[in-house]
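Next come two complexes built around chain A: one with chain B, the other with chain C.
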Partner chain A sequence: MSIFEYNGSAVVAMVGKNCFAIASDRRLGVQLQTVATDFQRVFKIHDKLYIGLSGLATDAQTLYQRLVFRHKLYQLREERDMKPETFASLVSALLYEKRFGPYFCQPVIAGLGEDNEPFICTMDCIGAKELAKDFVVSGTASESLYGACESMFKPNMEPEELVETISQALLSSVDRDCLSGWGGYVLLLTPTEVQERVLKARMD
Partner chain B sequence: MDVPAKGGFSFDMCCRNGMMEKKGFKAPGFLKTGTTIVGLVFADGVVLGADTRATEGPIVADKNCEKIHYMAPYIYCYGAGTAADTEAVTAGRESRVVTALALLKSHLFRYQGHVSAALVLGGVDCTGPHLHTVYPHGSTDTLPFATMGSGSLAAMSVFESKYKEGLTREEGIQLVSEAICAGISDDLGSGSNVDVCVMTKGKTEYLRNHLLPNPRTYVSSKGYSFVLGQTEVLATKITPLKQAEVTIGDAMEE
Partner chain C sequence: MECVIGVVGRDFAVVAADTSAVQSILVHKTDEDKVMVLDSHKLMGASGEPGDRVQFTEYIQKNLHLYQFRNTIPLSTAATANFTRGELATALRRNPYMVNVILAGYDKDVGASMYYIDYIATLHKIDKGAFGYGSYFCLSLMDKLYHPDMTVEEAVDLVDKCIKEIRLRLVVAPQNFVIKVVDKDGAKVYARREYISDSPPDAAPATASATATEA
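Then we have the complex of A and B:
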């Protein structure tokens, strides 16, 4: 079994018109046993920047704590929030530092830039950045997510449509993966508000 | 306290990761850039080319990734191998191609091939145009035309038959594009589009997506249209965002 498949996870982020959505499943498992159905995988860095961490849950939580620490230091020094591109470089550098003994996490970063331009990117577990203009996926359900997003995504979607699309893509993909699912969590960010939704999903 | 490190690698997770491997949990694969990368020297400078596919095992992770790395105003570097390694190795500085070459090879040799980056380095400096290849263990070659990556054999066959000295800029770009297209068709690890970079004395042109031989044709004109409210939601929480207020002048000024 791979280390990535120990806990199971699915994270996806999509870009819309001046908004973005990031979604994850809610299962925490220990191999084939489910231990929790309300596990948080999407974390807030600042009001307009979120990070979703798939992979080994303990590394996801440790990495999140390290990143929040670094961002708070940055906020104290620079007296402002980090831009999404800068934050992506920070995560990449932090992960590459551990090139020969890595954190087993694949981050998905989603943020709204200065001019409310959405920014998404993902990385492998040693920090190779992959910027995308449409969607990024990670986790054990990534192969199904690639397929679902490729067919369901449309450019320049309005917020309501974006939420429906990302929810349907997530739910259909995790239904094809035993290790992820058991609920869905979707976060939509527009320039004026944050909408968080807990989805009803198959609990198997 | 976790003080930010000043570069270099940190090996503190190796014990734990080793323990996991012993218990039977295999480490995950990394993103590779399967790749075809090529370079050639023409009359006035150097042309570099690459495909744009990034793979994660057999899956295409990124259909349009950038494999070119900027090193100095007239020195660019294309990389194959582990994507993170090629990005990290090329964060360099110098303004002579041979200096960049020496930096790259000493870095790679220090890690004895474990930093798995295979690069094509090209540039124009005060001594003229140069083209080099760098292998993961630190060896280098200096050549008039070069190919690297999984698609290198396909691309080299094009170069060997059509290269001649003193090519013009258009002929150089045409030949590089043909070589990359050969890699895209004949190698599974390379695909998508062709990126070309032309460097001459005092000018660099980066032709991102110079050729798009594989457009996406399976788009359904109707697409998926979901009814708003179709997804069943258990709970919703809406938080309005405070707009940041910028005050001109320091509030603490006397």
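Then we have the complex of A and C:
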């Protein structure tokens, strides 16, 4: 079994009209044993930038701590927040630093850039960026997430519809994956507000 | 095989562990304390490679003491959990400690709390948890019987049910357990659940001691 599937995870991000949503499951497992159902994989970098880290939970935590540290240094030096594109390059560089002993995480980055232009991107564990205009997925449920998102996604959705779409895509995907699920977490970001939601899901 | 169990109640936390020192098929002793009292209000239940377990828990304990001497105030439970995770995480990619930890503590401002930290340094705050083969029985039992406002007696009763189930269903079940509690008054041994003692047979006949100490 792959180390990426050790804890189980599902992370997805979608773009709407001047907004984006990022969602993840809530399970923390050790292979087939469920340890907790309130695990957090989506983290805030600044007001308009979030990162979801699928894969090995310990590396998700380590990576998050290092990213927060690097972003704080950037804020001190530049006296501004990082652009999502810049941050994606930072994550990529941090991951490639460990090319031959990688962090076993597949990040999903979502943010609003200048003029509130949504930006989403994913990466493999050694930092190869994959940019997308519509949606990105990662984790043990990524195959089913691709299918669900492919059929549910529409371009230029309004925030309300986007939340509904990403929630339904997440919930239907994790039901086909043994290692993820047990609740969901959805975060919607528009230029003026942030909405966080905890989804109730099948608990099996 | 090794079992470490933890439960958080209303204003206390219980950490229990078996007390067997086993190497392959041999039981070396049955009074090995695997729940370390880190400072006055913290308990660390640890399982894993015996050498690593002793070395690592002592290392954490000593660093906690050092912090307290330097700063006059103790590290909070959350801070201790993060320190422990940090040490495990840096060790992970050099020379890993094979130690799983359940860290419980009581702080004046936040009350009782408990953290799950495994050997690959996954940190998570939990209300109930278990490590080792015992976890296969304990987690389901605790899911069914746990509620957040338990009293000490109820929580220890739940731990007893877990121990009973381990002894009943686990082939390689350990004989003796220790139950420790941490609350506003500090961390202490609450009870022991012992089937056998380490005394030689003539001093304490196995059958007699089993009936006398059975809970």
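Rule of thumb we're sticking to: the second predicted complex is superposed on the first by the 204 of 204 C-alpha atoms of A that agree within 3 Å, B and C clash if a C-alpha of one lies under 4 Å from a C-alpha of the other, contacts with A are read in each partner's own complex, and residues count from 1 in each chain.
We take it that a residue touches a chain if its C-beta (ideal position, glycine included) is under 8 Å from a C-beta of that chain, and two chains touch if they have at least 3 such contacts.
Since the structure is predicted, the reported quantities are computational estimates derived from the model, not experimental observations.
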Review point. According to the contact criterion defined above, which of chain B and chain C contacts more residues of chain A?
Key: B
Review point. Of the partners chain B and chain C, which touch A:116 in the superposed model: first, second, both, neither?
Key: neither
Review point. What is the contact status of A:160 with respect to chain B (first) and chain C (second): first, second, both, or neither?
Key: first
Review point. Does chain B (first) or chain C (second) touch A:172, or do both, or does neither?
Key: neither
Check your understanding: Just chain B (first), just chain C (second), both, or neither: which does A:194 touch?
Key -> first
Review point. Which partner does A:18 contact after superposing on A: first (chain B), second (chain C), both, neither?
Key: neither
Point to revise | Touching partner for A:97 - first (chain B), second (chain C), both, neither | key: first
Point to revise | Touched partner set for A:37, first chain B, second chain C, both or neither | key: neither
Exercise for review: Indicate the residue numbers of chain A shared between its chain B interface and its chain C interface, in ascending order.
Suggested key: 101
**Study point:** Partner chain B, residues of chain A touching it in the complex
**Key:** 1-4, 6, 47-48, 55, 66, 69-70, 73, 92, 95-104, 123-130, 132, 142-143, 146, 151-152, 154, 160-161, 163-165, 167-168, 171, 191-200
Exercise for review: Spell out the residues on chain C that touch chain A in their complex, using ranges where they run on.
Suggested key: 85, 89, 92-93, 116, 118, 120-124, 126, 129, 135-136, 139
Study note, to complete from the structure: Listed in rising order, the residues of chain A that touch chain C in the complex are 7, 28, 30, 33-36, 39, 56-58, 61-62, 101
Exercise for review: Mind listing the chain B positions that touch chain A in their complex?
Suggested key: 2, 4-5, 8-17, 20, 24-28, 30-31, 54, 56, 59, 61-62, 65, 82-85, 87-88, 114-115, 220, 223-224, 226-242
